[in-house]
Each structure stands twice: as C-alpha cells, then as structure tokens.
C-alpha cells in the first residue's frame, strides 16, 4: 500500500500526445497503488532548465521516486545525482541518460532501433534498384538536433544502408541519394513546410523519413498538393492511434511503434517497490536497460523485417 | 453679477501628487466676452482650463455650462458641448499631416455611397478647408498641407492648432497661450481672429503672458495666483502695471475686484 | 490700449505670401517624394531585389509560378497574423498572443464540430467569436486597466496556449476525417490552379485582408484615429479621439483576424493540431514581418502593405535558401543575417532619399 | 527703447517668493512619497505578498531555508539576464539575444577548454570577451546604423543560436568531465551552505551585480545618461550627452553580463550544452522579469531592483505552484494570469498612491 | 566690419526633404554683443542656430569660431568649445529631475575617493547649485528641485533650460525664444540675466518674436527672411515698425544694412 508515498513524473513537454499518454498511464497506476503523483514538463521540447527545476522541486517536496524523460541526457546527470543522494529512486523513461547508469533504471524504446526498422522496411519495399535510385528526404525535429532526433534519423539511414559518417550528427552524410533534411518541430505545420521546401529543391524525392507521425501527416499534405502522394514512401516513428490510422489509410507506409503507457506503469510499480522494501528494478537480458520494445506497424510487410499488422497496432496504440 | 456666466467653475481643486495646482478656484466666463487669464508660470492657469474642458477631472468642485452642471469626463464630451480648446501642449499627432490633425475626431466623409458605406474620407475637401484656414492666419510659409506636423516650426504648429479651434468652436473657445511661439505677423492674425470670433458672438478664454495683447483684446481679466482666482479686473480701469503687480503679489488687489 | 506701440501694424501691410521653391524636381524628385508618401515602397524594393537575387542564383526553378506561389502559401498564416499584429503595433502596442489565439481557435473550430457535432460553419463562427472575445479582453486590460500591452499579451499567450492544450487534451483531428466529415473546415485550403501557379482561398483572403485594412487605415476616420492613438495617445485624447473605443476596436479586430488565421491554418495543414508551432513562434514571426515592413514599434508610423511585404521577404529568403541547398542550421543563421540586412537596406534607402 | 510701456518693472517690486503648501503629511504621505521616489518598492510589495501567500498555502515546506534559497538558485540565470535586459530596455531598446549569447558563451568557455586545451580561466575570459564583442556589434548597429533594437537583436538571436549549434556540433560536455578536468568552469556553482540554506556563488554574483548596477544607474553620470538616452535621445544629444558612447557602453556591458550568465549556467547545470533552452526562451523570461519589475518598455523609467524583484516574483510563483502539485499546463496558465495580476496590482498601487 | 566676429557662418544651406530651411545664409556675432535674430515663423531661425551649434550639420557652408573654421558634429563639441544653447524644444529629459537635467553631460562628482574611483555624483552640491540658479530667475513656484521635468509647467520648464545655459556658457550663449512661455516676471528676470551675462563679456544670440524685448536689449538685429539674412539693423537707428516691415517683406531694407 503506497499511502503517504509521493512520486514525480517529468516529461520533455506535455504538448506531445506521447507524453500525455505516458502521464495517463502513470496516473492510472499511481491511483491504483495509492501513490500521489505530481507531473512536470518542459515549456518547449528540449527545455532542460525546467526539468532541473522540477527535480529540485521533487527533492524539496520529499518525493520517493522520479520518472524522467530527459531533454538533455548528459546535462541532467548532476541534479539526478542530487536526487539519488537524497534517497530518491530515479528512473529514466523513453530516453536513456548519458551515462545510462546515472539513473537507477531505464525503461525505454531503443530509438536507434526504431529508426533502423523503418529504414530496413523502406529499403526492402523499394527493392534493390529502388534503393540504388532512391531520392531521400529526412524531416527531423529541431535545429538543435536533440538525441531522439539524431538516433531516429541515423537509425533510419543505417537501416536503409547509408554510411552515417559521424553517428552523432544529422546531415554530415555525403550519400548523393539524400536530397536534404529540414526541421519540423514534430508537428503537421512543420512537416508540411519542410516537405514543400525540399520538394522545391528537388521534386524527385520518393522516400521520406519523418521524426514522428504528425510531421508525416504534414508531409503527406504537401505531397498531396502536387499530386505525388501515391508515389512517395513515408516512414515514421511513434505508433500513436492517429498515426497507425494513417498507416491504415496509406498516408504512412510504416511506423515504429513505442509503448509509453507500459513505460509509465512499470515506472510507478518500481517506485512502489522501492518505497516498500528498497528493491530496484532489473534490466532486460543482455541489455543495460529495460526494453519496453518497439514494433514495426505496416500492412505491407517486407521480407526480412519483423512487423505487426495495422490491426494489431491499433490495439496497442496510444493517444 | 447679473448675467448668468456661460461657463462657470466653483471651488475647483486639482492636485498632482504633492503639488496643488488648483486650490479651491472659482471661474466665470460671461456670454460674448473675451476673458483673459493671466498669472505667473505655474500659477495653475493651464490646470484651470483643463479642469473646465474635460482634459482633467478635478478632485473637487463643479463646472457649469450655461447654468447646467456638467461632468466632462473627456475633451470629446466638452467638444460635443461646443467647447473647443487649444492646449498649451497643442495636442497634435506629430506623425500625421496638418489636415489629419485639423480634422481629428470630426473627419469629413465623401458624399454618397463611398462615404456612407465605404466610410471614405473626403480628403480634397478637408485639404481645401485646412488650406483656407491657414491662409486666413497668414501661415503661408507652410509649403505642403500634407506635411507631417512634426516637420513644422514651433510657430507653424501653434498656428495649426489655433486654426483648428477657431474653425470648429461653437460655444466657447479656449486658447492657452496661443501666440507664445508665434511671430509678430502671425500673432496679429491670431488677435484679429480672436476679435473676429468674438464678433460672431462666441466667448473666448485667452491665457497669455503678453500684457499688451491681453489689454488690447480682453473685456475682463482674471488674475490667477497660487492656484486660485485672485481678482477680476477691467482693463479699462486698471493699467498693465497694476495687473502685473496683482499677479505677482507686489500689490493687494482692490476689494471689489476680489469679490467679482 | 493706447499705450502700446503700433509696430505690429507694420505686419499687416504685408500683402503677398512668400514661399520657398522646391529644390528637387524631375524623376529623382518624384521618386523621393514617392518614398516619403509611401512607406511600403522600401520593403517592396527589398522584396523585388530578393526575388531577383534568388532568381539569378537559382534560375527558373525559383522563378517558376510553382515556387513563387508556394511562397504565398507558406506565408499565408504569418501574413494574416502580421495584419493583426500591424494594427496593434500601430497603436504602440505589441501582441504576443496572436499565434496562440490562432491555434486555439482552430482547435475550437475542429473540436466543436467533432466533439459536439455542431455544424462546421457554426463552429467556424464560434471560433471567430472566441478570437474576437479574447482580443476584447486584452484590449480592455490595455485601455481601461492601463496595463502595458507587452505584459497583457504575454500573459494572454501563456493562458491561451495552456487552455488550448487542456481543452484539446492534445488530440489531433486528422485531415482524412475532416475531409470526410466536415470539408467546410478545409474551405481556406480550396485551390485555384492555372499554369503551374496555385492560389488557395487562404492566400486570396490574406491579400484581400491586407488591401481592405490598407484602405481602412488610410482612407477612413477610424484609420486616422488608430495612427493618432499610436502616435501620442494623450494628444489624441485631447484632440477629441475616442482613445478607448479605438483601442478596443483594434484589439477585437486583431483577435478576429487571428481566428481567421486559425481557419486558414486548418485549410493549409489539413489536420487540426493543438501543438502547431504557430502557437509558440507565430508572434515573433508576425512581429518580424511587421518590423521588416518598416512599421515602428513605437506606434503611429508605417503601412500595413509594408508588413505584408515584410512577411514575403522572410518567405522568399527561407524558400530561396532551402532551394539553394543551405542546411537548416545555416538557413537559420542566414535568415538572421538577412533580417538585419533587409532593415539596413531599408534604412539606407530612406536616408539616401531624404 | 523708450517707446515701450514700463509695466514689466512692476514685476521687479516683488520681493518674497510664494510657494504652495504640501497637503499630504504623516505616515501615508511618507509612504506615497516613498513609492514615487522608489519605483522598485511596488514589485517588492508584490513579491512579499506572493511569498506570504504560498507560505500560508504550503506551510513550512515552502518557508524552509532550503526552498527559499532554492528560488534564488532557480532564478539566478534569468536574474543575471534580466540585469542585462534592464540596461537595454532603459535605453528604449530590447534585447532578444540575451539567452542565446549566454548559451553560446558557455559553449565557448567549455569548448575552448576541452577542444583546444586552453586553461579554463583563459577560456572564461575569452567567453566574456565574445559576449562583450557581440554586444558591441548590436550596439553599433543600433547606434550608428540606426536600426531598431528589436530587429538587430532578433537577427543576432538567430545568428548566435545557429552559430552555437554549428560550432558545438551539438556536443554536450559532461559535468563529470568538467569536474575532473576543468573545475574552474564550475566556479559559479560553488555552494555556501548553512542551516539548510544554500547559496551558490552564482546567486551571490547575481545579487552583487544588481546592487552594483543599481548604484551605477542612480549615482553616477553614466547612469543618468542611460536614463536620458532612453527618455528622449534627441534631447539628450542636444543637452550634451554622448548618445553613441552611452549606447555602445550599454550594449557592450549587456553582452558581458550575458556571458557572465553563460558562466553561471555552467555552474548551475554542471554540463555545457548547446541546446539549453535559455537560448530559446531566455529573452522572453528576462523581458518578463523586467516588465513585471515596473520598467517601461519605452525607456527611461524604472529601476533595476524592480527587475530583480520581477525575476523573483516569477520564481516564487513557479516553485510555489509546482510544490502545490499543479499540473504543468495549469501552472503555465496560472503563471500567465499571475503575470497580468502582478502588473495590475502594481498599476493599482501606483494609482492609489498618486 | 573691422572686428573679427566671434562666431561666423558663411553660405549655410540646410534642406529637409523638399523644404529649404537655410538658403545660403550668412551670419555674424561680434564679441561682447547681444545679437537678436528676428523673422517670421518658419523663416529658418532655429535651423540657423542649430547649424552653428552642432545640432544639425549644414548641407553646405562653413562656420568659424574666433576666426578658426569649426566642424561641430554634435552639440557636445560646440559645448566643449564654449557655445551653450537653449533650443526651442528645450532639450530636456522629461522623466529626469530638474537637477539631472541642468547638469546633464557635466555632472559634478563627489570629492576624493568616492568621486574619483566610485564615480559617485555629488547630489547635494548639484541640487544646491540648481536651486540657486532657479532662484536667480525667480522661478520659485517650483516646489521640489527633484521633481521630474515633465511635471513642470511650460514656463517653468523653459526657465530651467535658460538657467542651465546661463550657468554654463563661456564663449557664446544662444537662446532660441527663451521667454516664449515665460510670465512677465520670469521674462524680466531672463532679460536681466541676458544683460548680466553680457556684462561678463559673453556675447549672446537671442531669437525672439517679442519686439519690445529685442529692442530693449539687442546691440544689433539680424533680420531673417526666407532662409537667409535679409539685413542687419541697429535698433537705435530703426524703429520696431521698420524691423517688422523688413522681416515680413512689406518694406525693402536699406542697402547698407544688407551689405553688413
């Protein structure tokens, strides 16, 4: 019984449905276990300062545990240490800290893997000749290139079979198949503008990687405006319900689905356990974090790439 | 006093923080007269006319127009009641043209559809009117009626403000130092204009530091001192030296003038 | 008074009124004059120069009807917001909430239709009404409570944006669903195409809006009052302008226009999303357009056409740089340089011409 | 001239100079007077009221030395940036680049030490120098090229932020590495603790900076010139103020202070990260603090202590609401309401007291 | 002219857009004299003194101080050369106090360490000085020396500006309509002050529309018309009516006055 226990959930923002779902999952589980949950979020994506202030608040409030999706995975470490020194269990959700053992445990999607899956799928779908003649656009998140952005972009390119140069930097590849990249802020507005810009630069684009499904929907609108929506392959990451529905409607070819509700409820359970008898959660076999899994959702399965159907995806989707 | 004043102030008080600008001041303007208001710098003359023209709301006291109590909450209300004022600060929009400023708040619209439905301004009509009024004042060094007011010389600017008041005032015209920045020729025109307005039966309040001008045109002189009316004198019965002596406190005013 | 000297009568003898000669004539003189009477001319020159510059750099790809009308589509939201921003800035105010109001009203139009089943046209009208009401609140705080516009709209920005997320529960309404169930919401996205050029109704509405406002500001009493209030509110008040009424009308109209931008957003993005970037940076984008357009942040000076050209200048630079292959970070940097350069050129033309 | 009347000599007889009486005396009068001569008093009152309010709501958790000094730590960056912003705003300017300069200079301090192996103190000095130089560029564009500060610093913001991303290659320098190899970079994070209260050097530097600037603005000729330039630059120029020199000194000093904020950032966050949000929202945060502090965006009016209290007011509200467990969007919404309310109270106190 | 003028302008031209404010204008101020400049509104008087005092840079023409060519690029340079000017716009910072405004640009620092290293202003000293100077002018309705200038009446404001110039001018003092907004008493004080400054050997340029004042104090009168010097007359040889007639173009000036 968790009465008197309080916990914190700190997300990057609370404007992204992904984090909204995460919070819903955490809130439901916390209610079930009788834990008081306070939620915090950055003002904009990448807002590190507010996350630091949130952790400090949790310390001041005497919380037992913190669930954190860090905006700045390396910079957050000192204040996380401060929290752990104060006896608070810190669990990273969705995004591992740098180093990963700066948190007590990580429940996460492997974002690089998520990118790799859609990259592989795109390559397999296009076939050998298609891959050789591909014209690729990547619609990324922000000019500051936050870690999710880099991991998914580089994972995609790797999966597609492109040499990454520095795997920590977007845009340093010299493969001629890449037409260019632009930033989208992860929403429809940015997705459309970015797609238009890249199409104006080179109208022959036929493969589009998008940071998430809203950006993909925006890109689709831009393609539709010039009548090319049917001959361009769009891939994405997230697996939110509107996103999966868009896979069903043929807007998106395939998307890598992640499981925020699971991350959150596991996190709350871990805090309850920690408060009860001081046990800490264990990592998945052979990994240094607890992998909540990622699955490729598509109705056009490709050879050599594991995937689940849209129907299954709809059952597991969030938001 | 047998005639009912057209504009009357009673017991007016206005304070600015620690400063008392009006200190239980009375004030009377009789029909058809030119009333001059004289007093030292900072005596509270401008504050007085602001209080009777709606530009500031007095802390205490009452204002009567034609015997009826009025509570102007803005100069628009005073203007609607027929009181037109040239403030010492002139109240012009520097970036706007001479025409725009002259017609501010009472623009003329085009006749017919364009005016009624498109609410289009009749610029040629307004420009012609503005040009005529400025010519009457002899302000002909103004080279362009669409010039922004901020590009005018101090005197030109004052001329525009006076022209505006004279053109539109119907019941009372108040002029706060209208000739302060004007040249000899332009000042003359303003004095002629004042007499002209008076001959149309409209009473005028003239605040001025120029004693010859005051004594030339005024029917009565309100002497203001330390935030209140010290006395009212008849320019035909007192000399300029007397007026200045009262105003500066060098000499006690006659008892009957104080009672007035 | 007989004591006074009669020197002043010497002035009356003066019959003819002398006046100076114009010293500048001819083409150059006319050009200077045009620049002075038409403040929007300078940003127009900068705009044309930018188009020509990128045209030389990128050739027919950039000068194609497709690319040029694409710019119009890309600036339509900022263009509409800049119109609202212009009105506020002309009164010496500033509105940080324009983008947030646009996003909230687009969400209201969408959610009222989908959540409550209200007919789409009614939802749109409600959205426009909410925008106007939010403008009225800001206007009242500025005009009656005399709070600085910056603070009022900063607070409004946060309030509206938060309300937007809370109300929408972060839910996106998908383009496909709108298409199927409430196509009226997509009205502003309707396209008119000919010879490669694409005009959406949103673009046309933006252009019309700018033209109507330009007319109202220049040729109606209301417009003159807006300028007078921005120039010197105290003087305007003394001169007989209803300052409160003018401010209220400006803030309400601006709120209405922001809601219009919300409707245009739905047309452009297809979907209705509470997390549209416009909510966060729409204000800065609109202010940028306005200031590049030569409108003074101190109020009372400038023309709305200038703001429109300002929005287009930014749009041309952005698309041009992307087409020239600059990567996002470099584009971001170069836009910064170009914003300064555009205004410096503006300044320089004004100086040379005076 | 004998023709003139000698009425004017009547004035010379006047011997004694009359003057009005003060009509307000006593405690209330003194209070009113204090409010007028000390514009920072009003935000101070709002601040104290906010602390008391949250104290009642949250009890000893909030009123603990830990929580109260935590507020100071949480506002230290915004507080330092607000000092820079105050200087600029007093000259009727605005600086959108303050946060970006802080982030870039923190990256420079870090990268120079780690990438090039320059001793940390030298890197810090270089960072401070770069901040000053960036300020000088903005100052020159504002003062000499006569561009609007809003545009100059908007461009500067984008340029500096993009340069920051490009130069750093998005690399974060980890706290552990700084601790091990260049602890001097952490200097501003050094803590002084007693009885639960924690003061970092960064907090102390912020307070000292504000006090020094308050002195300089009030009691030196330079300070008077800053106010005069902001009040009416033309009048200041005619009255013999070196307007260009004053503006340059203000922008350079502001740039320097932003770089100081960069150093404070390293102390507070431990690591050096190019994506710190201060680069994106530091400007609005600083402006918010300044305006809540009662400084006029039109220049020439207000006190830097006010800006400091303004930063603290926001800090108190944020921590208080967070500790009370308000949902983030509700927190944003309430902060929005409170920003408006704080300024409305300020306005009301001023009105009642005049 | 045998004496070398202390301040001399030659062929000065200043244009504002389409407006020509100075049209190849000459100008001479002789040592120790009071030179009045008179002319219609908009004739270019203010433009002339701005051009010789560094406030505007003339488009053409030259300025000489004590025979040496000078190129003032700002009023600070003119002031450093000893030329002190009261501009028609007064050049005050409205939000700052009377003392701050009087000492703007030449503040007094505390003696010793606090002044030298902490650069602390000596506020009591500055306040005392300001109070004394204002008393000399009889501006005693000012209730608080630390009052913001924006809270002063128009006349009080002008008094502060004149006091500032008189206190600090060393070589030339220029007054652009210094008594325009002043009361009778205050105007008298300013005239006395002008004569007092003259008796200290400092020459003065006085722009004024008040003919009696001009004829009372001036040694020579520069008549300005249509952007240039029409003639220079001796007030002892010409009447006010003559001056006004020349100025307004009603009468041709005598040939020798034009040559001057």
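Per-chain residue numbering starts at 1, and chain names A, B, C, D and E are given in the order in which the chains are listed.
To be clear about the criterion, contacts are C-beta pairs under 8 Å (C-beta built on N, C-alpha and C of every residue); 3 or more make two chains touch, one makes a residue touch a chain.
Remember, predicted model here, so these are calculated numbers, not experimental data.
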Chains touching both chain B and chain E: C, D
Interchain contact steps from chain B to chain D (minimum; 1 if touching): 1
Chain D and chain E, separation of their C-alpha mean positions in angstrom: 40
CA centroid of chain A to CA centroid of chain E, Å: 73
Whole-Å gap separating chain C and chain D, where each centre is the average of the chain's CA atoms: 30
Multi-partner residues of chain D (at least 2 other chains): 3-5, 7-11, 14, 18, 20, 161-162, 165, 329, 332
Interface hub residues of chain B, defined as touching at least two other chains: 17-19, 89, 141, 143, 184-185, 187, 211-212, 239-240, 244, 248
Residues of chain A whose C-beta touches two or more other chains: 14, 44, 143
All touching chain pairs, where touch follows the definition stated at the start: A-C, A-D, B-C, B-D, B-E, C-D, C-E, D-E
In the complex, chain C residues that touch chain D: 3-5, 141, 145-148, 150-152, 154-159, 161-163, 165-166, 284, 287-288, 291-292, 296-298, 329-330, 332-333, 335-340, 343-344, 347
Residue ranges of chain D in contact with chain E within the complex: 1, 3-4, 7-12, 14, 17-20, 37, 215-216, 219-222, 224-225, 227-228, 231-232, 234-242, 300-301
Interface residues, chain C side, partner chain A - complex: 61, 66-67, 70, 73-74, 165, 169-172, 174-176, 191, 198, 265, 268-271, 273-278, 280, 318-319, 322-323, 325, 327-329, 332
Residues of chain C that touch chain E when the two form their complex: 5-11, 13-16, 18, 20-24, 29, 32-33, 36, 354
List of chain E residues in touch with chain B within their complex: 16-19, 39-43, 46, 88-89, 139, 141-144, 147, 151-156, 159, 177, 180-187, 209-211, 244, 247-248
